[in-house]
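Here come two complexes built around chain A, the first alongside chain B, the second alongside chain C.
So, the complex of A and B:
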């Protein structure tokens, strides 16, 4: 799924205030809506489908939610530093709902306790997003697709180069220091891990600890109706497991991440790029990195599986048109994948063969939020274990407790067993002879 | 009537038993770190292993000093005599009630076979285990120390050494019961006095 051809819906979060046509200049300052981040009144909300404009009259969305008209002058008088809530207006709901996409950023971060997030803990450190995501000339620090997050791997001090977006920037590369004792080998060993294991790996033992997150999204089943009415089937976590507009969905809470080597950059499948559909899911967004890359760490991810429309002739993923009026081909109005694909691909300027099938896909989302209290950090045995450990499929390191040379173990154990048998027989013979006498 | 000899001084006995306890403990914790056992939990196993290893190094340093200053190292000097006879004794003679071909004396406490076994232990196994342990412990500093090795290889040798120790422990423990009466050698190592 991509933004092209779904502009009006999507630009309520994606850059663009008052989008009119494809030639809108995203770089113009006037086109950036300052208030989304700088409003502190909490009343500045955009109407979901109004091309990024806030409602100036009360309006009802989808027959349910009342969107109150925004009193712009009241908001303008209460401009202030960004809050967790103001960033969250977009980030908590990315993917179409609270916590849907990422699993580590959701609305429970407005006022979390320490158990949920040690940094944003409302009664403790009370960090805002911008405490870590410092801005340099209004470029919010972060990974930004293929440029890794700044901050450097060298010893980092607070505000190192004005950037603070890595854990190391505040805590340093060897963050575990003894409090009372002069020396604690256990902490030394924990520090020794940081060259290969990311802080997040040990300190974010589970994700989706706030709200349930979507882990599977199958578009292929979307568009089914019962007596002409849309179906919404709710699951045990209070989230839909089937939705006529979205297809089949699966949700999870308190999930164990998957682990991959990650150097801070991702590979993306670009619109129009040829991909083979095989039995394995197509990796639409996957982390780059390998054990030989000195910048790479073992990092936790949320895997997001699903099924998406695919053009089997051109071998490309299809960008369907989702949102639009009836007759425009938009899937949510006309419920026809072929029409939606044709309209969407035409808007994106990509070829489309007219065929639509569905392929398995996967996205990886790096986890950096909802850092748990230190007591909840991973225990050694979670990784250093023969089978079923967290790092069971991480290659390129010798992980004591998990790895061994099976031949050596066999030879060693066999020799010791032979020795044991020999001395047992020898001893028994001696005992029997002693009794005979 | 059997004659009593004072064979093992107080330090030797202390050294022997604390070394034995440490080695058994290191084997248990070591094989837990290796992933073969589950007793203490990984974290404790790892820390205890490091502490016990350091203790063994210190003990060994004292023992080396003691052996050099008292001249006791001479007991390990390898000799050729009587090796076939001793082998014959353990395979056949012992069952026939024949006497041990080697005569224990305060100035030669170890028979030639023991000398070979112990010199192998002290000159090869101990150094192997200490060097690989040192390397594993300083893994993070290899690049500064100019050491070129792979963690996997060093871990492999350390494990091989552990198996060798286990092998030795099995045979050694059994052989301590071959005295007459069977507990004679063990009593000697506890009290210092042994009947010959």
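So, the complex of A and C:
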């Protein structure tokens, strides 16, 4: 939910060492973790609860998973450029497990085939993450806060410093080109889509094509026990549908995205910000964009529904302390939401009334990875259809096939009818006149 | 006349050999990944550096060893999102993993 008060668990994926509370010194450059990105041996792993430190002795996590001691000298002597595996060590496992959070990146991208990802196809183009997430002086392109990096078209030309993070950077604005002939009229219409429809919309027809991804997380049911023992109930996809620490969970594979207008930036509800709880889920992280925004395109998203703690008096989202020792208020040790909320909000320096309820929230993840081969891209009929199309709830554009103007249809039908009458009269007249001769 | 025939035969053989080898190379390249997407080949073998031939006792010692050669990397990296987890928005508010809240 939030890093504050849960440091040592969350910062196990921080590219640094020892971020264990809010006093971490970001100016101490020796606390930078070079190896987590530059390891090429695959033997460097950070321990999940050690504030970013790798295990220097063999250590067991959660009573079952062994983390072998890291040989620092061996890793240091074999450093190199980042790989899909080194980036993936954190990014594939965000949300606490393989594919949990993102829905479009997971461990199957270490060696994917063409069907899963045309660009990373290990036997084909074999892109690394950094092929698109171009990097200058350790500054890596690609994020969704209020400034998409980089802005504009960002074509892969020297003038634009070689940024390649958008599809258009390499493919251009008229990406569909005929294979053999010089001109193919069908591609002209396809290319006309690029000002309003993102490439991802048609070329990422489904998400969670590698591992199952989490689509619903109800924290309110967490903390139930059976005979004093934690419950872990596994579902059909091999992921827990109930977990005493986490609550009720739902998972999905090969899912159809939802579509929204998106200009490359997001809006956030920050901790401490007042927000009303209504019957509709609170959009805590939502894409910005509208049909009138020239930078916005229709874009695919993974929606993540949740039910999370809320302060009904202050009307704020609660940062709960989840991780910590017994007696610290941590929910995973003491199983009390009020104590967890008090500890978490105190650590964040935010007011807390003492009341905890649960609110429905939604978080949209933009989907840009796992681009399918072109034969799997969406066909026209997926959107240009009267009912049940993929873009059924996209407003602000006239979508041929989906939309109609009844008045115009009536005028057209009337004109057709009149034309038919006139043709009939004219034809009859000619036949009759022919007989008269 | 005979000399001219031999020169001509020699010429054609040469052309055929060069053409064949060029074509052969092209076929080979088509099977392998396009070479411009291969990760850059390093110009340094890090196992040969004295600074790294040590029995490191803590990961911070490794970082110090890295920075003893890559002397701008520390200043570069400490400002990036991967280290700060902080992004100052155009509205002045602080975003980034260290400041936002989600529902996972």
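Heads up, the rule we're going with is that the second predicted complex is superposed on the first by the 388 of 437 C-alpha atoms of A that agree within 3 Å, B and C clash if a C-alpha of one lies under 4 Å from a C-alpha of the other, contacts with A are read in each partner's own complex, and residues count from 1 in each chain.
FYI, a contact is a pair of C-beta atoms (placed from the backbone, for glycine too) under 8 Å apart; a residue touches a chain by one contact, two chains touch by 3 or more.
Here the structure is a predicted model, which means the values were calculated and not measured.
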For A:95 in the superposed arrangement: first (chain B), second (chain C), both or neither?
second
Task: Identify the partner contact of A:225: answer first if only chain B is touched, second if only chain C is, both if each is, neither if none is.
output: neither
*Give one of first, second, both or neither to describe whether A:433 is in contact with chain B, with chain C, with both, or with none.*
first
Of chain B and chain C, the partner touching more residues of chain A is C
I'd like to know which partner A:385 touches here: chain B for first, chain C for second, both or neither. first
Footprint intersection on chain A (chain B / chain C) at none
The answer for chain C against chain A in the complex is residues 33-34, 37-40, 42, 46-47, 49, 52-56, 58-67, 72-78, 80-85, 87, 89-91, 93, 95-104
The answer for chain A against chain B in the complex is residues 185-186, 189, 192, 195, 379-381, 384-386, 397-398, 400-405, 408-409, 411-413, 415-416, 419-420, 423, 426-427, 429-430, 433
The residues of chain B that touch chain A in their complex are 33-36, 41-43, 46-47, 50, 90, 94-95, 139-140, 150-152, 155-156, 159-160, 162-163, 166-167, 170-171, 174, 177-178
Contacts from chain A onto chain C in the complex sit at residues 1-4, 10, 14-17, 26-27, 29-35, 37, 53-54, 56, 72-73, 75-81, 83, 95-96, 100-101, 123-128, 131, 137-140, 143, 145-147, 214, 217, 219, 268-271, 284-285, 304-308, 317, 319, 361-363
